[in-house]
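What follows is chain A paired twice: with chain B in the first complex and chain C in the second.
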Partner chain A sequence: MTSVHVDHGLTSGAPPRLAPAVRTPDGEKFLNGMAGTRIRQNGCAAAAYAALYANVDVITAYPIRPYTAIMMNLAQFIADGILDAEYIHADGEHSQFSAAFGAGSCGARAYTGSSGVGVTYGYEMYSIISGARIPIQMAIADRTLDPPGDFGSEHTDALCTRDMGWLLGWAATPQEVFDKSLIAYAIGEDPRVLLPQMVVQDGYFVSHIAGEVEMPAIGQVESFLPPYQLPFPLDPRRPVSHGPQIHPEQGPPLQLERARAMEDALGVIREKTDEFAQVFGRKYPHFVESYKLDDAEIAIVISGGHSVTCRAAVDRLRAAGVRIGMARLLWIRPFPTSDLQEALRGVKAVGVVETNLGLGGASYGGILSLDVTTALYQMDGERPLATSFMAGLGGETVPMSEFEWMAGKLGQAVARGRVEKAAHWVGFED
Partner chain B sequence: MAFEVHRQHLPLFEDDGRAAATDDEHGRDRHYLPELPAEDPYAAGHRTCAGCGPAIQYRWVLKAAGGDTVVAGPTGCMYVANSTYLCTPYTVPWAHTPIASGGSFTSGMAAGYEAMIRKGRYPGPFPNIVVMAGDGSASDIGLGSISGALYRNHDALFVCYDNECYANTGIQVSPTTPYAGMTTFTPFGKAIPEGKKLPPKNLAKMMAEGHPHCYVATTTVGYPVDLMNKTRKGLNHVGAAFLHCYTPCQKGWVYQTSMTVELGRRVVESGLWAVWEYDPEERKYHYFHPPVQRPVTDYLAMQGRFGHMLPEHVANMQVAANQNWQDIGMDVPQNLRDLEDPERHRRLKEEEYSMPLNRGVGA
Partner chain C sequence: MSVRGTHIPEHLRLPIAGVTPPPTEKEGQRLFPTGNFRFFRPVYRDKTPPCNHACPTGEQIQKYLDFVKHDRYLDGYLTILEDNPMPSVTGRVCYHPCETACNRAAHDEPIGIRSVERFLGDFGLNLEENPIKKDLPPLNGKTVAIVGSGPGGLACAYHLRRKGYASVIFEALDSAGGMLRAGIPAWHLPEEVLDKEIAKLTGLGGIEIRCGVRVGSDPGGITLDHLRTGYDAVFLALGQDVGRRLDVEGGRSRGVLGALEFLRETGLGRPVKVGRNVLVIGGGNTASDAARSAVRLGGGEATIVSLESEDELLIVPEDLEQAREEGVRFRPQHSLVRVIADGEGNVTGAVLCQARLAKDENGNVRPQISEGTEFEVPCDTILIAIGQVQVLDWLPESFTERGLVKADEYGRVPDDSEAVFAGGDVMRGPSMVVDALGDGKRAARDIDRVLSAQPLEPDGPVEVMPYERLNTAYFRHAPRTPVPLTPAGTRSKSQKVEVTLAYSREEAVAEADRCMSCGVCNGCDNCYIVCPDISVMRDARENGRYSIRTHYCKGCLVCVQECPTGCLEKVPELDFDEPDAVVRMETAFAPYDGAHAEQAPFTRQLIEDAIAEYDRSKTVQPNGRGVTP
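Entry: the complex of A and B
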């Protein structure tokens, strides 16, 4: 928890302002040459380019597949003189996130990232960084947790950090990775929010498959993302104490403050997403991509890269006369309860695709459906039936045929007026 | 265009034999320096125990560092006892870090200032960056993080305040707890009469040997000028510096509260703590040779944590001390050699000495 300690006579006045960061001459030249071009790059490269455009001050790295390529790209930018940033080769993810935290606490814009067990190795740091209200950014290219060793994508790593006070956004294409990285910094660094951000992309499906990404002009980025100004940096010109011990009675108001920051982020996400559209010309839904939901009877709720296949499956099923739609979550924290309710209003049955493990949870399936069903339960009027589908675990693809199977289960639920069970293991059931 | 990073240079305090103790006749007790800076970035009003060694060290280190300083403090007793929400004793910026993050968080601070100054965001000069981590943090859970920071050579001073136990959590054994030191995780009993069976980890040597480009030094709260000058040398060194400071814990060791500084000298004079400096330019250790060499009992008998020691345990300790004397290039006098014999010892609590003794047993 951060408190601002003002020592009488020594530290009065406004927090010291930090000047905008200069870029290297080669960096400016490189980015000016990029402006307006569309280049093919994978999600890792897109994340690295976003960090380059954001002119991050400190990067902290530790290798683990598949996110490593983000840090490889950034290391090359520095080696080529395109980016001036301190690049810390940490001794593990706990140190890696701590170092980014230390840099961010001084007022430097810090960038870090991880995958899979790397995400969980540094787990202690998540609550501490959000509680300190230091808005660093972490890129996650998700990966299955051990055991067994598996490079494949699975959402469990990022999802098991969901309640630690980080903004958690999920990108489905390299372009969206690029855009979301900039949007997330703008939201997290906004003084109304001051929360760290995770920008998640599916390992391999997004991180290692190229798509077209439009490169903006430096001016666009700088007008959208002003220099990071922490209101209470560790700055000798105005001493503050970060994170002192509290008494139990001071706990509830501090926790409430952090909870409210997460709630307040809802409005700021809307605002920044709209601002981004004005500056860059790409308009994203605030929280939920509604695909063919208007007259849908059944709907898939999904996040991340498998939505690309899902969208195609929806088209095919629609062509066969099935009234199906898709709701893709662009943010998982803060959870877009009201936007999802609106998106799913009128739908009769909803199936959440769970590319994650929530072992022993209420649905005996995955993690995401717990939030989705709570949002649905709170809906005014008629609620859809809800179930979930365990699919794509271990980095397996979720092919069209599986989405079609899910649509069948949802159709049966509508016909029967109830779902068969709370979680289906796709591929293991008839 | 990159901006130049200007670094501070702190002058050393006049030494004239007071930096490390001489002997009783030649000013062993002279350590007061009237020309010390008036500023106290570690202000009064914290909640440390009477006679707290780490608090003395914190005060001297921050006095030496001065006002243009940023401090990090990993979890430990000096976190909990110093900082209370809305009331902390620091007049310089200070941040708590997780117990394993002393090295890494501080790396981030140093890297942040390097980048911000170079990129024109912060006007400079580069602040003194100091972390003070307990021995649990520095030699156990955060060892890798500090080693990483030293290896990467961030321009910062990494201090271990060593009270030889996890004091904050109620006196549990740490890697620097001495042999036979009683803690709540190494109690003595019929089956384990010595309490702790293992000798301590040599943290500072590990840091110097493993990171030979770093300035590394050890000291104790018994030698304030030495402590302050090593702080300044560490800060002046461009790159990473590690300072390992012996800081008695009254609560954990059970001694008379006025004896903290005395213990800081006796531990050196009994051969149980070497005061040295490692010069990365010369790649050499410079050992302080105390003018007084005492039997270990002169040190042990002052502390309740050793009160359970049997003659053979005391003799084992003397053997270790004699090895230490040789390690720092000093001869072992015959009287200390003789004390390697258990027959020459009684149970520690039955020993008699001129200095304040602790007749109790236990931590």
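Entry: the complex of A and C
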């Protein structure tokens, strides 16, 4: 593993910190009272609680459904004196993310978020923030992009940003939202990575549906996620320049560094996921949840909340004798190429559930299958056949029957030795 | 995976995210030169402020106001002395064309330049030593003859002395000063002030004033030929001290006087009789001065009778106002028809009529009389102030034209010696003290050129800074500091009490502080502060001490926008071709035909060289491999 090249003596010695992160007495009391309990809460609340536990310094907000509830919860924490953080209500997502970026550059643990067209409105900032290597966190409760004006979940908003240098993780339950928020901060703030993170949950299916979430002790969180320490903060006591203008030839090495950081993050994700399991006792797969894949002939690749239905469908199909399994992607950036290859080794046909729009792409379907098929194409030995399914668009559920339909298509492919086409629009085909 | 096996060559290794040391004043952005982004470059180019341009001596007004602002009075005084030898005089009597031109008038009110000038002049006059004396060059052995000791003659002698020339000034009157003494009343310019200013000049050594010598016309006296042969050059600054006469019936009665003669006698301290009911004929400054002096001396009344309407009067506004305050009356658009005298020839009255100012095709005044409007007014004195001439019959005819000495654009009189110059009123006709001072300065420069065999050259073109190009957002509105005056009741009773008083130190500083430094850097530090790239350097907060780091300035021109004075300009980058210029990006200025911009030859060559070097490095070696370093 390469490590980032930090030199010029800029980062040697202890960089100055702003005021040490202090919890309010009320906050401490509140969290101590909570420790060890399980509370029912939806994904938005889970994200807000995670930010509270992470003791964020700066929160920047701009309302848009469905993620707004995260910011409402945080605003309430501050109003109640439970959280001492700067809460900036910006005039739009671009300034919202810019403010979080500025705060992160100064050494604050910054937290922001959005949904749907809010995510795309602030697009300019994504590359800037990751290029500056400022590890802020953004919560996304995903939502369709207009048109039509639709509040429903779709993965397109977050997936659009996938190549901007942010870590991109998907959570399927409120508990996972909570856990992933902490894990993502720990990975992004690791000096070997220094990248911002998006923690995505499906709008409504996760963001607004309650599940049980276990509340840890403050000590647990602080041992896993120590106070944020940017190696090169903007600080008048030790001035540095960020975001310099450069010669054209100086661009590529910086981009290569960012590409390396993305790849280095793979190892750090493994490390932090394991560490999390030790501290909190909840063990997540590093990248891919393999469900009944061991002897599977066909497999569904999926991310996010629809995996809950998918798991049930797999069980039902298995009961009917179909050798099917599921691979759920917990991270989409960095893309877990080798973990996915291992998970799908021996499978004969793979179908990717898209839940997103990739108009005019190679498959004429969605975005996710482009990465999945590239990963499969690189596999040593026998490669599975691959297709994809456009399903769950516009906030629709993906019902059991549709998974069964997909299984049928995959079974046909195995039988014929080839897929009918690269993408199926489920519900619009026989 | 993709980044496995990559390496970054040593020369391209950068700190994470390009985080670099903070740019410092000395270092700037060492790592990332950005100068190649630039299409325009900020350049400091001082322009001429309108005040400076309007002052015939070219006083560097902005500069000395800036010195005053910073309590550097000696520096301010020395700045004036570069152009004007007698700021205590001009600070009192100049008609201040500078203030008329001042850009601040468009903002709120013009700067009280003359009063600050007076403040500095009096500061200098009170110094024990003349501060320029120790730095004067030694005399070079050449001597210039100057006729007339008015401001023109004195200024010429002064500037010549600064260049190492001696001079002898011939003056017909018994004391020096020209109209400063024999015209301008003491209540405008006290005798002691004038004496001190003149003593300051003669104290420099090398300037001799011979009074009581009338060149040309005294039998057995000094002639023009004496001057031409006995001196290296001649400067004629004779002024115009002969009053024009008015031919009217009764014009020779006792009590009818030329205003100039009246003022001269008064100025020279001789006894003059003036009655208690005085008519002054004329509509200019001489009429105003004569009327006001008559009020002071006679203790009675004075009325100015003029062809001019009230709006046409040629009296400077502040003098007009002061005259009114002192009780001077006006009878505009009237003419003197006849003087009425008693049996002994003493004036007892005058016949006036309505009239209008009109001029013939040559510009000569030709009053338009309204027939049948005559009426009689009583008076005991009549002062005639209808213009001045000079006796020039002792000069060769080729020297004169229409009553004036004729000269080319350099003030040179057509003479074989090529070393006879003229200036002041005798060349221009009635004008201003400061015109004469400016002519004297220019004559000294050109005499020096002629005597050192250099060609005479006109002044180069100057760019005068217009108000519109200032960033006026930086100038708070502030009223002009009023000039203190002696109350009319007090001053109109005395020939000696000064009418216009001086600024205090605080007032002078406050007034100087209003100056916008039009077009001239005054070290405000704005550029230094606003540059987002720390590309403006300075070693002292002073004019001329800022520079642009061209390797880092990317031409955003924030500094140009935010320069209050407008001394910073944007100049197209292609105007520069210096050897250490930044290499332009090819994308910005493509070197190839058909591209969107042209490139300076030097920068074009740099790119050609770089391409050639790259090609060389790719040359295929005998082993079949290209070599890359």
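To be clear about the criterion, the second predicted complex is superposed on the first by the 412 of 430 C-alpha atoms of A that agree within 3 Å, B and C clash if a C-alpha of one lies under 4 Å from a C-alpha of the other, contacts with A are read in each partner's own complex, and residues count from 1 in each chain.
Methods note: a contact is a pair of C-beta atoms (placed from the backbone, for glycine too) under 8 Å apart; a residue touches a chain by one contact, two chains touch by 3 or more.
What you see is a predicted model; the values in this text were computed from it and never measured.
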Which of chain B and chain C A:39 touches, first, second, both or neither: neither
Dominant contact partner of chain A by residue count, chain C or chain B: B
Touching partner for A:22 - first (chain B), second (chain C), both, neither: first
Partner chain in contact with A:194 - chain B first, chain C second, else both or neither: second
Which of chain B and chain C A:94 touches, first, second, both or neither: first
Which superposed partner A:239 touches (first chain B, second chain C, both, neither): both
Partner chain in contact with A:102 - chain B first, chain C second, else both or neither: first
Which of chain B and chain C A:85 touches, first, second, both or neither: first
Which of chain B and chain C A:249 touches, first, second, both or neither: second
Overlapping contact positions on chain A, where the chain C interface meets the chain B interface: 5, 7, 10, 132, 239-247, 250
Interface residues, chain C side, partner chain A - complex: 1-4, 6, 8, 12-23, 29, 31-34, 36-37, 533, 554, 585
Chain A residues touching chain B - in the complex, by the definition given at the top: 1, 3, 5, 7, 10, 18-22, 24-25, 55, 57-58, 60, 84-86, 88-92, 94-96, 98-108, 110, 124-125, 128, 132, 227, 233-236, 239-247, 250
Residues of chain A touching chain C in the complex: 2, 4-8, 10-11, 131-133, 194, 231-232, 239-250, 252-254, 256-257, 259-260, 263, 337
List of chain B residues in touch with chain A within their complex: 1-3, 67-70, 72, 79-80, 83-88, 90-98, 100-101, 103-109, 111-116, 118-122, 127, 144-145, 147-148, 152
